[in-house]
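Here's the structure we're looking at; comments come further down.
Chain naming follows the written order as A, B, C and D, and within any one chain the residues start at number 1.
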């Protein structure tokens, strides 16, 4: 089988004009800093859609990506830590769609799981419900939220084996696992790579079959 | 805090007439054999609804439960390994509802996650769609499947700490994790109990807050 | 006593042994400092930790263990980690007993506004909408009036809502108020140094005085 | 050569290096024995294993490592375990490249019936409906005619369907047939010893003969 071990530059070549990219992480936790940097420095794709919980903080590469003028749409749940996203939203330079955090996670999971969307009570009676279908099920009302998919996902893990099986420790799992299921091409930034067979099957957080490229950092 | 360590007899006392119970396991793998036995031997609750992937094989206690005359409804995906379920279905002694395996898992997850149901393409154009609503979403058709919850869940794990954090090894995870989220009272049958703090937080498959009772076997 | 300290201390008394509790950023986080010794709660961070402990010392700091505010934290014995989809299944599914959040406005129906000020501040809702809809009990930690002295407890919220009919208890520097469905706001406790008139004067909403009105004790 | 062996051997040639493959119970499982040495596939068991290996020896037998048929199995290097909800996210979400299943009937539209015979056999669909809808390629492993000599490749299925328009390739002891959407059944290969007439005589459906018709090689 073809090796999945690539340089950051090689891996991010997959991103093309108009692509939707998912970026894992919750603030700095589990954020694929080096992949986003490589995208900024070695790839000029524009008109991007970025799907990310919070679009990071000003210390992270995703802040620079948002600021680069190459992003036309952002799907997120919290942008208070990245004032640049707020500015783009206010000025209309980018379309920014905000979703409740659990809804965002579930929309991505739904996309990756071949489901038709999410039926959630969250957002009812708020501006989140605007333009969305509502369904009454067993006497309760739910909002229908569409599934989300992407062309490329940038995710972060602690350890990978050469088959792409990933271990993501602690609170860094956040959006990285669902995003690995919901993109056509999944790139994992990892701190450590071990031979196949060295990760205990019970401890795998993302099965290698979901991972297309492994990029080692540090 | 009150101890969660109970005998099987004490734990299954929670099951009352008319209750819906979920039983984890895939055939003999991850099946809470001793809890079901305790239900048979020490509790006389009847008119039960049983939610289980396959209602087991004739070597398992769930086979006896199905045969006991105390079960009026069964939700399952596969009953070929338990001819007694098939007999009840044919004779009309129990209502047996069959769902695609992925749909059943997702219905239970949906119930546990506070979602309004499942939108799946699986079952379209088959008798599974009978009596169910269909939705067109982004040009594709989906079946709306209702969430499932239960009064009590019987699940099986390898190891618990005294707080109820569970480790479930190998292919025994199957329905045990989603069922732990979808019942009012969750009983875990475990092979081993260790003090709190002895399970590495990264290896927990079911957080202890979901588990109401721990029953040690063997 | 500092206003915020008073509020946090009073809220700490609302927590029961065994509760699963999510504390919002800011004042709600302070609640953790005042939980009685005989009350053991599990603090949950919606980015993926059950069992958050005190902040990490500099040597312990790890990006794999941050809370929802991005702070480096430790975990307690019996902690576990999970991804965002599972975390919000716990939250939305009713597996969190108490959530404590700040609020910009609350009203007689228990409607809450805490995530945006149109034209001014649009940080996104993060996990707040999921938390107030999903948690069994929503406690609002808020100063009784705004910095300009304007009431924040209103007849009807004017800012965009976070959710409708979700607040259960409002704890301010002046009072403890329960939201009773189909009835309104019941004033239960008044902070030392204030009169009933003081409280009503600073409150736009109508307050129903509890027959057991007490002085707030912390 | 035994009919079943012929079918399994021929199907093994359809698998590509890197494929994720789910093999159904019975004849499909035999395919694993004939996969060429230079083709590395990951066998998935829908009850929660990625990377199923050969059957376990008696000493290795563990209820924590069974396949979807309930057999004790081993795992290969690079394997991982997951629960049923995640497993069917992989399946329904299009992360399985090939599924090989038996069928009672298949028709010109690629409709498949393989899960029940009304009034006779209602074992439940198990994971079959999810697999045929979700897998990128559905290969049917079936004897060309029933035990009574009745055709199983029909104009229109008569038994209750498993799913509509899903079969891609049909491999029998007489032929290899592709289902081409909006066109019909294209006969690609005929097993040694049979003529085109033999095959058409045993097939109710109309067969379009491929311009590249070949002898089936295994």
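Note that in this section a contact is a pair of C-beta atoms (placed from the backbone, for glycine too) under 8 Å apart; a residue touches a chain by one contact, two chains touch by 3 or more.
Quick caveat: nothing in here was measured; it's all calculated off a predicted structure.
Chemist: Just to be sure I understand the contacts, which chains border both chain D and chain B?
Modeler: Correct list: A.
Chemist: Chains in contact with chain A and with chain C: which ones?
Modeler: Neighbours common to chain A and chain C are B.
Chemist: Counting in whole Å, what is the centre-to-centre distance of chain C and chain D, each centre being its mean C-alpha position?
Modeler: 55
Chemist: With chain centres taken as the means of their Cα atoms, state the distance from chain B to chain C in Å.
Modeler: It comes to 34 Å between the two C-alpha centres.
Chemist: If you average the CA atoms of chain A and of chain B, how far apart do the two points sit, in angstrom?
Modeler: Distance between chain centres: 32 Å.
Chemist: What are the residues of chain D that contact at least two other chains?
Modeler: Touching at least two other chains: 81-82, 88-89, 91-92, 133-134.
Chemist: Which residues of chain B are in contact with two or more other chains?
Modeler: Within chain B, the residues that touch at least two other chains are 106, 109, 113-115, 120-121, 169-170, 201-202.
Chemist: What is the complete set of touching chain pairs?
Modeler: After working through each pair, the chains in contact turn out to be A-B, A-C, A-D, B-C, B-D.
Chemist: Applying the document's contact rule, which stretches of chain C touch chain A when the two form their complex?
Modeler: Counting only chain C, the residues touching chain A are 45-49, 62-68, 70, 81-85, 87-89, 91-92, 111, 122-130, 133-134, 160-164.
Chemist: Could you list, by residue number, the parts of chain D that touch chain A in their complex?
Modeler: 17-18, 20, 40, 42, 50-51, 75, 77-82, 88-95, 133-134
Chemist: Which chain A residues qualify as touching chain D in the complex?
Modeler: 1-2, 109, 111-115, 161, 163, 165, 181-182, 196-197, 199, 201-202, 204, 207-210
Chemist: Chain C touches which residues of chain A in the complex?
Modeler: Per the stated touch rule, the residues are 26-30, 53-54, 57, 76-81, 86, 89-90, 98, 100-103, 105-106, 108-109, 120-128, 158, 169-178, 205.
Chemist: In the complex of these two chains, what residues of chain B are touching chain A?
Modeler: Those in contact with chain A are residues 106, 110, 113-121, 135, 137-138, 140, 142, 144, 146-147, 169-170, 201-203.
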